[in-house]
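Below: a set of structures, written as structure tokens.
Paired with chain B in one complex and with chain C in the other, chain A is shared by the two complexes that follow.
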Partner chain A sequence: MPENPVLVIGGGPAGLEAARGVADLGYHVKLVEKAERLGGMPILADYAALTPNMVNAEEAMGEMVQRIENDELIDIRTSTEVIRASGSAPALEIGLNGPGGEEDIQTGGVIVATGFQHFDPGKETQMYGYYEFDDVITLVDTERMLKAGKFVRPSTGEAPKQVCFIQCVGSRDRQIGNPWCSKVCCGIATKEAIEIRQLIPDCRVFIFYIDMRMYGFWEDEIYWKAQEKYKVNFIRGIVTEITKRGDQVVVKGEDTTMGRPVEVPMDVVILSIGMEPSEGTKKMGELFQLPSTHGFIESIGGALNTVVTSVPGIFVAGAAAGPADLEDSVSMGGAAAMKAAAFLRKANLRVA
Partner chain B sequence: MSIYADAKYSEVPVETKQALFDEVKADMRYEHQLYGCYECGICVAACPSARFYDFSPRVFAQVMAREDVDTFYELLNDSVWDCSQCFSCTRCPRQNNPGAVITIMREVAVNHGLQSAKEALKSYSRIIYKIMSTGTQVAPDMLQPDFFPDWGPDVKQVSENLDVWRRCVPPETMHTTELAWDVSEKTRLELYMIWKLTGNLEMIEKIDEGIFMILEEVMEELLEENGYDIDDFENLLEEDEE
Partner chain C sequence: MSEHKYEKFTEKEEAVVEGIDISGIWNRMYEPRELTEYDLTYMDKVTETPGAESMGWCYQCAQCVGVCPVDHVGSYGPRKLFRKLQTGTNLFESDDLWLCTTCMNCLRVCPKEVDMMKIMPAVREQVVLEGTLPGELQEMLQNVSEYGNPMGESPRKRVRWTKDLEQPPRDLSKEDGSESVEVLWYVSDYYAYHGRGQDAARALTRVFNRLEVDFGILGTLEKCDGDSQRLVGETGLFEELAQHNDEQFQKYKHGTLVVTDPHAFNAFKNHYPKVTGNEYRVVHYTQYLSNRLKELKPLLVKPYEKKLTFHDPCYLGRHNGEYQAPRDLVVAIPGAEFMEMYRCREQSYCCGGGGGGMWLDGVSADHTRERLSENRVREAVEIGAEVLVVCCPYEVSRFEDAVKSTDNEGKLEVRDIAEILDYCMDGV
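Right after this comes the complex of A and B.
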């Protein structure tokens, strides 16, 4: 009797790597993705270049997709959602809803890789006016422009002369209820700052931050590079409000290391919005009755076991478990694949 | 335009500030003295001047690394003179050398005869004169009670019979009162020519014309008496360059 396939929910970096891993270990995979395309957030949100190595997002994710596309063991279902779950692994009854209508399948195990969503800057408690001022944008809006090979002031279409990033928007904030660090925004903002300086050499770029969290090699490969080669101005201190003056927006804050008040007009302000659990992550958490932490799916092993949940046969990978960079996500995808395959193998041995 | 709401020197055109900044940055020593700044304060913690003055080597490192020309101009006209040039600040994890950046900034301030340079060096004119004319710095006869009241009553006693006190010092080369130690005329003249030919005398002219004139008058006369012709040396240097 062939085993039931492993259901991988989500076709982003973690899900793609999980699907590949399970298939490489010789087990069947059903890869379900809500969107029409595989690739996850880097593709759906039009990322230009990935952090930290600045590789083209389309190409890099395209390679990941290509590796699984023609694998006989992997059944890819795009535009499909998981709507029901009952029973228990290794014989879970799952209801899918896709282009061909509803369908019931049986799976041996599940890897939840439903990822994150970007924080909605309309929910911040400072006064940044994202929905009020054209020239206040987000990291994601910036990616979209960079992907099109340009960076302009949305209000005029002209190249800006002075740009700033504001870090930790929607992260590390008790007032908003998101006490976590989103991990990647420091790196992404710094990467985008470099790209803006490359595109527009006479544009001054500032990054207002609380701490710069540049883990491992991000330190010298992006942070030092931005400071030393591209003269990006890192200013410790967070902007409290943005107001309109003439055709510019003025940011007001404190340079805390200098102990001086800052008030400076900008052509574009970029809000470094963080990560929140996606709708899919919240739904799958409820559907499979997975305990959560900070709204993300909780793994039970802490730092030493990042992918096992408290429900047997259900694993989590990537940003569905909490803020994660690409390295985290892909590593967790691989780890979850190994755990899911091991779960199926042990179950089969017991049956035999 | 400065990013700071409390900016000073906003009346000075940005071109002026930028030109001075560019001059500092163009110095051949600059590029290996400053990378990026973490603003961690390790240099301030190590800095003796920072304990006594409102002075911070970190501020120099961060402002210069950010290329913030407005704040650079504030520093150039103010706390650039509060550094003791001890280079304790070089224990920086980014391998910055704020003290060396300050050295370059001071030279630019002097070369442009900035008011801050004139004021900072005003009280040093006697020392400048001594060094440039003799190669020795603080001479015994400079230790006068009027200048150093905090040294107590002994200074008065010593200064009254300075010559005798100095003769109590064993080495003969230190039986001097106008110099820290005996310097031969040849050494004095050669030193003076080094100051002159390397452009140091010109720097003094920019910040303290009085001292410059006295130095020139005294030393050129001495040169003449001893049969030196400064032009010979200038010609020699030019030949070397060619």
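Right after this comes the complex of A and C.
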């Protein structure tokens, strides 16, 4: 009798890699994705180029999808949500709700890869006026424009002459309730800064930061490249608030290495919004009774086992477990696949 | 002034408007504290200047400021310069362009390899071409161009220091170049013309004679090496001098080119080859002598019973990695007690004379509370040294002035290594 399949919840980078890994190890997979198509946030939020290698997001995610699409061990269910769970692995009863209505299945183990959502700067105390000023946008809005090959001032439709990024919006903030660093925004902002400079060479680009967190090779591959080759200006000291003056928005803060207040007009201000647990991540956490940290699903193995949760047979991968870049997400997807397959194999050996 | 008060203001010492005296504080104008724009015009102009690209690479780690000798006496440093450029300062018209002594302590510690040794001459060159450089520097360059030395002395007087010597050096300029010489000694400007340099030049001559060195000098054919002129941006003059001196080096066949000036050492070793296509077997005189320490030591018979400390010249040490040779000589001095200053070897402080600093005291004075040489002299006194030993012709005059201005006369002497070696050989 064939074992129960592994249920992979979420079709983003972590889920896609987890599904592929489980299938490659010879086990069946049921890949469930709430959205109509696979690819996760890079696709759903219209990312232009992936950080750090600046490969086209559509193409890169397309390749990941393509690798599993025709795998007969993988049953892909898009527009489908997990609505019920009972029993315990390796014989979990799961209720799905999809285009064909509700369905009950049995699974041997679960990989939760439900990812994150972008911080909504409206939740901010409105110091940055995201919903007030047309020319205050987010990293995601910028991705969308870059994907269309055009970067403009939303208020005029014209190319901007002076643009700045404000880092750590919705991250590292006790008042907002998000005390974590979102890990990727420094890299993504800098990548977007490069892309803006490439598109509009006479546009000045500034990044206001508390400290630039450019891990590993991101340091020279993105940060140094942006500064040295693309002449992006990094200014230490975060912008405190934004006011409108004439037809420009003015950023106010302190230039800390000069020790002077800043009141500089900008054509476009880009808020480097961070990560929060997605609705799906919160729901799955509740459904499978998984402990959480800041709303992200907690892995109990610490640094040495990043995908194991406190519930046997249930694993977590990617940004569902906390802010993660693509490298981390995909690596965790692979690790979770291996753990889930091992879980099934051991369970079978015990039965036999 | 308290920190939250406006810091920068302009004030005319004397001003009378419509018969009303508004001198001093009455006409004080405060600069706004707010930065209202990041004008990158001059940052771009700098980083687009060939050689100065790395000015834009600074990520504000601030390690340079910790070791910048100028920041110890004023407010200046590569990190700060970067920010000033980013906030609109026109470096081409700013005194900041002339404060750097190219001592290389910043590059030694810079993780991003922001290279002031390339940035400074590249940017200064633009200013030199415009003719808007500081007057004191202009005068020096004119002197070098006209007379071949920065003092504006007659080239004929370049050998005057040899006059009273019992056994003067062989003057190759009087020969046709057919007879080779083992050591061609490039004497350099400050040895040849400055009173205290001449003392050292005569001392070194006697040391060479006692070592029975087969050596000669270029006499009136020798011209300024040009390294400091290169570093203040006079590339054309540097190349001219390089061609001229190279012609002499080629004409007067020699085994080794021995120089007294670390700046000349740097020029011949690292920069002449790019101009002339020739390589030079060049050594600093401390290297030459330390290589012959075995023969030298028995000649050092007269004790020199003093506490000595040694100042590393930036262009011998950090620029060219030689820290040991001069120390070998200093510790060989009989009867002397050698002690290091806190800032020594790689971490050595700068005398302020390099990179054109020798002729920029006027500009520096407006921005520093004391000269670098004064700061250094205080350190030598603080550790209890009685003699500050030097091996760069710029330094004797700089440090002796600093000894006076810091009220340390009688406490600290400044001596070229050659002078002490000569003293110890007395009677041999």
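Here is the rule we use: the second predicted complex is superposed on the first by the 351 of 352 C-alpha atoms of A that agree within 3 Å, B and C clash if a C-alpha of one lies under 4 Å from a C-alpha of the other, contacts with A are read in each partner's own complex, and residues count from 1 in each chain.
We take it that a residue touches a chain if its C-beta (ideal position, glycine included) is under 8 Å from a C-beta of that chain, and two chains touch if they have at least 3 such contacts.
Bear in mind the structure is a predicted one, so any value in this text is a computation, not a measurement.
Chemist: Using the superposition on chain A, decide if chain B and chain C clash or fit.
Modeler: clash
Chemist: Touch test for A:Glu69: chain B only (first), chain C only (second), both, or neither?
Modeler: It touches nothing on chain B or chain C.
Chemist: Have a look at where A:Asp134 lands relative to chain B and chain C in the superposition and call it first, second, both or neither.
Modeler: The answer is neither, since A:Asp134 touches no partner chain.
Chemist: Which parts of chain A are in contact with chain B and also with chain C?
Modeler: Of chain A, residues 206, 223-224, 227-228, 231, 233-236, 255, 257-258, 260-265 contact chain B in one complex and chain C in the other.
Chemist: Along chain B, where are the residues that touch chain A in the complex?
Modeler: Touch list, chain B to chain A: 1, 3-6, 35-37, 39, 41, 58-59, 62, 65-68, 94.
Chemist: Contact residues on chain A for chain B in the complex?
Modeler: Residues of chain A touching chain B: 206, 223-224, 227-228, 231, 233-236, 255, 257-258, 260-265.
Chemist: Looking at the complex, which residues from chain A come into contact with chain C?
Modeler: 204, 206, 212, 223-224, 227-228, 231, 233-236, 255, 257-258, 260-265
Chemist: Looking at the complex, which residues from chain C come into contact with chain A?
Modeler: Result: residues 33-38, 40, 44, 47, 53, 56-57, 59-60, 79, 83, 86-87, 112 of chain C touch chain A.
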